[in-house]
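In what follows, structures are represented as structure tokens.
Look at the two complexes coming up: chain A is in both, with chain B in one and chain C in the other.
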Partner chain A sequence: MLLLILKRVLTAFATVLAVIVLSGILIHLVPGDPVTAMMAQSVTATPEVMAAMRARLGLDLPVWQQVALYTGHVLQGDLGMTIRGNEPVARLLLQRLPNTFALAVSGLGVALALGIPLGFLAAIKRGRLADTIVMVIAVLGVSVPAFWLGLILIQLFALKLGWLPVAGSGWRNILLPALTLGLTYCALVARMTRSALIEVLSEDYIRTARARGLKEHRVLLVHALRPALISIVTVVGLVFAYLLGGQVIIENVFSWNGIGRLAVQAMLERDYPMIQGFIVVFATSVVVVSMLIDILYGFLDPRMRQR
Partner chain B sequence: MTVLSQTVPRRPRVSPTVLLGLGLATIIVLASLLAPMLAPFDPLRMAAGPRLAAPSLAHLFGTDEFGRDLFSRVLAGGRLSLGIGISAVVSGLLVGGVVGLAAAFGGRLTEAVLLRVIDVLYSFPDTLIALALVAFLGPGIENATLAIAISLVPFYARVTYGLAAAERSKPYIEAARLAGIRSGRLVRVHVMPNIGQSLVVMATLGFSSAILSAAGLSFLGLGVQPPSPEWGAILASGRNYITKAPWILIFPGLAICLTVLSFNLIGDSLRDLADPRRKARS
Partner chain C sequence: MTSSIKSRLALMAAATAIGLAAGFSAVTAADLTVARSVDADSLDAQKASTTQSLQITNLIFDTMLTMDKSGSVQPGLASEWSMSPDGKTYRFTIRDGLKCHDGSSFDAAAAKASLDRALSPETNNPNLSAWGPITGSKVDGKALTVSLSEPYGPFASFLTSIQAAFLCPSSFASAEFKPIGTGPFKFVSWTRNDSIQLAANPDYKNANPLIENPGKPHIDKLTFKVIPEAVARMAALRSGEADLVEPSLEEATDLKNDSNFKVYAAELSGQQMLAAFTWKIKPLDNPEIRKAIGMAMNRDAYASIAFEGLVNTANCPVAPNLFSTDEALCASWGVKYDPEGAKAIMEKAGYTKDKPLKVKLLVHKLPGWDQMHQIMQQDLAAINVEAEIETREVAAFFDYMKGVNEKTDGEPAVWTMGMSGVDPDYLTFLWKRPGFVNMGLNAEVDTMLDEQRKLSGEPRAAKIHEIEKYLMENAYAVPLLSPGWGWLMASNAKVEGFKMGFMVSLLFNDVTVSK
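This part shows the complex of A and B:
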């Protein structure tokens, strides 16, 4: 088990390091000169100011040196300063990170609370009407753009019925964005739960349990659901990563003060240090969460420990 | 007679879902292709009708904040969205396919290195990869298409690798290798025809994801720029009139949903046909 943890931690570290290097290289994708692109809307962009900016970002150095410097700084927790407000990128991102996580965890909670029972129902009623309905919901769920669903929910619950606030950050404000994310990703959870449960239900020990005369609800809840849930744990990591990805847009729809909203603002203003910082922080979150899920899976399923 | 009828192999039944998907996709593709003929107004023409007019016979989907005809804009948006989707999928599939094949047939070291890189990239949501790239490349239709194409590469590389690696261990490949056929020719002549069909199926699923990414990027103002009538861009401008003119929100959104739904239905059904074991579980 210790070996599994060590292996996963090392892999995660290597991945994060690769992302940092990549994010250092990405600024060179900017067509033409990044400083000219950044200062395009600025009235104070004299040649001297632009040269100073180039020096501040280290853009006058050779590419490999820039990337090495950037990686070194990031590893020490320094993500640079924003172009617009000249504020530390790391501080701004860390201030907003709890909001992003609160929304992601709530969204995931809704997705699991809806998806697992739906998948369970579809599996035990396989081939019947309930199954068809759940599968239709699942296909619709992956076909509806989350930001559109968000706008529809705003229109319905906030503007028409007036039950919930349109935007902002607070516990009442989290309900609509969390519901949007949950509804979007519950389709994925329902599908995975259904497949996992169908596979478990075909195992010999389920037949044995039934043959022993156990009540059907006991067979389903105790003997089938528990092992199925273990395989659902692996899916949770995947769903969480995709949910975080989709959340960037949702934070903007609901004006939720998370790092996704900050990032899109930076993207529109071409604040490259902020964008680089966002990529590093976001990718690290995805990597750490999937690492923790892998380790948790190791604890739950003894077979994983031997690998 | 009964015994006979049981032994005759039955043709696979075409499922109603694939028919629904094909029907929807045909209508959407035709409507987009024929948009210039079908659209009653120029999609960019301001004051084609009153501002924020509700759907009527003159303006089937109503008008937007500049009095532009929404029906014409949604039709023209279809051309843009489908164009971005097709270009991104074709380029993503080409690059991803080559990377996947190289990993499967390029020797142990190449396989180990490429697979690690693909797996790392694959663990990040494609929306995020597209967003990060567009942030540096800058907004615009070409850059958005390029970013979405690159974001699809890990998915296609992983799928191609999986299919090619499964073929690699089959006897006909070993026989071809023993006959002295080199890797390049082996892949071109023997492997490609065998995995091509499955790749087309996966391309369909990638297409849905490309359409969603394109709409998302344009909605954020990072993809197709106004006044171009891309569906996501129309939604972005329509969100300010959510109470006054909900139709600006409803019709482009439905267009995205139906397009993505049709390709998901086709992709899912084709995948089940190609892999009956999967069908048994799903």
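This part shows the complex of A and C:
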């Protein structure tokens, strides 16, 4: 088990490092740089002023040198300063991470609270009306764009009913984006729960359990649900990692002040340190959550510990 | 972290119940909430580059001079000012009794400290070159004397602009910048990408001729919220969560006809849209071809259809209301809408329906502009010009145009852009070689642009007219519309007295909100 954890940690570190270097190169391939973006609205910025600004920001260095310098700083725990506001990137990310984390947890909570019971219901009522209804809901949930759903919820709860605010990052403001995310991802969770349970319910040991006369709810909840959880955990883990990366669209629709919005603004401004800081956080959260899922497998399924 | 999550989840659950029961609190008459699409990038007026930033800094800081509706320069922080006969020395007498928001005095020494910082290379001031050829400044009693290496005609106008704010020295006394000025509003707090809070300055004494209220703003608290999504901004306005918002173009048209709302268009924006050409690439090196393309452009349709009648057509390469701008005079120099005449020119040059001139129409995305480009494409097709639209995001666009404007061969292109300012001198930044995104023209234009800077008053106006005539008779620029970006605001009917000044500055001094 210890070896499994060690291997996963080393792989995770190498992955994050590769992402930093690759993203550093890719950012510089995108047309425009921070100075051009800054001066897009300012015709008074002469080429001399812009060149001097590039030199002061180190943007006149070759790309490999800029990427190498940045990677070196990240390895020392320094994510640098933003180009626009000259503020520490790490501080800005840390200020917004709690908001993103709260939204991710709330959205996931709604998705699980709705998705698992619906998937469970569809699996045990397979081929019947309840299954069809759940699957229609699931297809709708996957197909409906999150921003559209968000805007509809705003129209309903903020404008028509006047119950909730439209925008902001206060505690009342989390309800609508969490509901939007929950409704979007509950479809995925329901589908995964359904297919995992159907697979488990066809196993011999379930038939044996039933033959031994165990009550149905005990068969389903104790003997079937736990093995099915492995597949569900994988999806939940990946969804959570994705949500931690900042729900760019949802954060924009609801003006939720998370790292997703910070990233969008940074991209428009070509604020390289801020973009890379976001990528580091996003990549790290995906890698860490994947690693935790791998380790969790070991606990859920003893066979995994042997690999 | 765990307890934080728990408490947030608990709050969520509680909020569901409370949210169902509670309505939204009404905005009081003393507060005003403004919702904009993007946040400021900095509140340091000497480092900020975007209009959204300068709209805020202009409320916190004052300018040395101000400008009235006719484009004439008026007093500001300086109660009076004078220029030496050789045009190389300016003397500004600072008003008595000016107080910074932290209680310190704003005098000539403070003005000098602010000026020195604005000009310092360490500041990274994006507008450094607009300050002109300043060689030094000195404090002389209540006055600040500024010396220039050569006459600089636009200097007084520039000192009225939102790019030329004067900061209180306490703003930059420590390593971390604090927005402390003498303006009508004090800085309270800023949560990036979320909100900026300002409070009325009780000691404020107004000098801006666009404002009627002589003292403290009527509202006490001013909050700027960031709501990126246009639909959400409109929902905020309609639900009362915001009093004043940036509407989308489509929404503005609806609101205009609704008595519950008001729509404001910044007529003094100083903004100008124009079409330009890659004139170094054949056949656009031929002024006749450029003129024909200009003659095909139906500016009335762009204004009435693409911009829903919320902008005006413009005749000059400089925005209306600025010094020396004479729309009637420009109309006599520029091309007129004449698609038949344009088609005849193109056919004479060998471009027919079967063998059209192929060009790129290089543009960047903005509301209204997208539809204007589609109509423009049809206009050009009618005179046998096949234009392929290429749209880029703004930063990428200007970077790309820098390369395109250097080329002397390849596919010719027509492109559109906008600029804004408080003085026609922005012609220099655009057209003097190498020029903005390498759009500079030639030695003759360079000389005229240099000369206008050394003049003032009527002689300067005459020289600017000469430059405009040259640009238009040679069809290097086709003026289109004014204004054209971020110039619209909408409020509920309870808001009175809101105004927009030059460079789409937001003026709240006269604003009252009825309950």
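Points to keep in mind about this one:
Throughout what follows, the second predicted complex is superposed on the first by the 282 of 307 C-alpha atoms of A that agree within 3 Å, B and C clash if a C-alpha of one lies under 4 Å from a C-alpha of the other, contacts with A are read in each partner's own complex, and residues count from 1 in each chain.
What we mean here is this: a contact is a pair of C-beta atoms (placed from the backbone, for glycine too) under 8 Å apart; a residue touches a chain by one contact, two chains touch by 3 or more.
Every value quoted in this text rests on a predicted model; they were computed, and no experiment measured them.
Within the superposed three-chain model, A:Ser290 lies in touch with chain B and out of touch with chain C [touch as defined at top]. Touch criterion met: A:Trp148 reaches chain B, while chain C stays clear of it.
When the two complexes are overlaid on their common chain A, residue A:Ile232 makes contact with neither chain B nor chain C. When both complexes are overlaid on chain A, the residue A:Arg84 reaches chain C alone and has no touch with chain B.
Look at A:Ala224: by the touch rule set out above, it reaches neither chain B nor chain C.
Applying the stated contact rule after C-alpha superposition, one finds that A:Leu159 touches each of chain B and chain C.
In the superposition on chain A, contact of A:Ile275 is made with chain B only, not with chain C.
In the overlay built on the shared chain, the residue A:Thr46 is in contact with chain C alone; chain B does not reach it.
Legend: residue contacts after superposition of the two complexes on their common chain; A:Phe101 is shown touching chain C, with no touch to chain B. Chain A uses residues 30-31, 37, 147, 151, 154-155, 159, 252-253, 264, 268, 270 to touch chain B in one structure and chain C in the other. Residue ranges of chain A in contact with chain C, taken from their complex: 30-33, 36-49, 52-53, 56, 84-85, 92, 95, 98, 101-102, 105-106, 109, 147, 151, 154-155, 158-159, 162-169, 171-172, 174-175, 178, 252-255, 257, 261-262, 264-265, 268-270. Contacts from chain B toward chain A in the complex involve residues 120, 123-128, 131-138, 208, 212, 215-216, 219-222, 232, 235, 239, 242-243, 246, 249, 253, 256-257, 260-261, 264-265, 268, 281-282. Taken in their complex, chain A has these residues touching chain B: 15, 18, 23, 26-27, 29-31, 37, 139-140, 142-145, 147-148, 151-152, 154-155, 159, 191, 194-195, 198-199, 241-242, 244-246, 248-249, 252-253, 263-264, 266-268, 270, 272, 275, 279, 282-283, 286-287, 290.
Chain C contributes residues 1, 4-5, 8-9, 11-12, 15-16, 18-20, 22-24, 35, 38-39, 41-42, 49-51, 121, 124, 126-130, 163, 191-195, 225-229, 231-233, 235-236, 238-239, 241, 392-400, 419, 421, 426, 429-430, 434, 436 to its touches with chain A in the complex.
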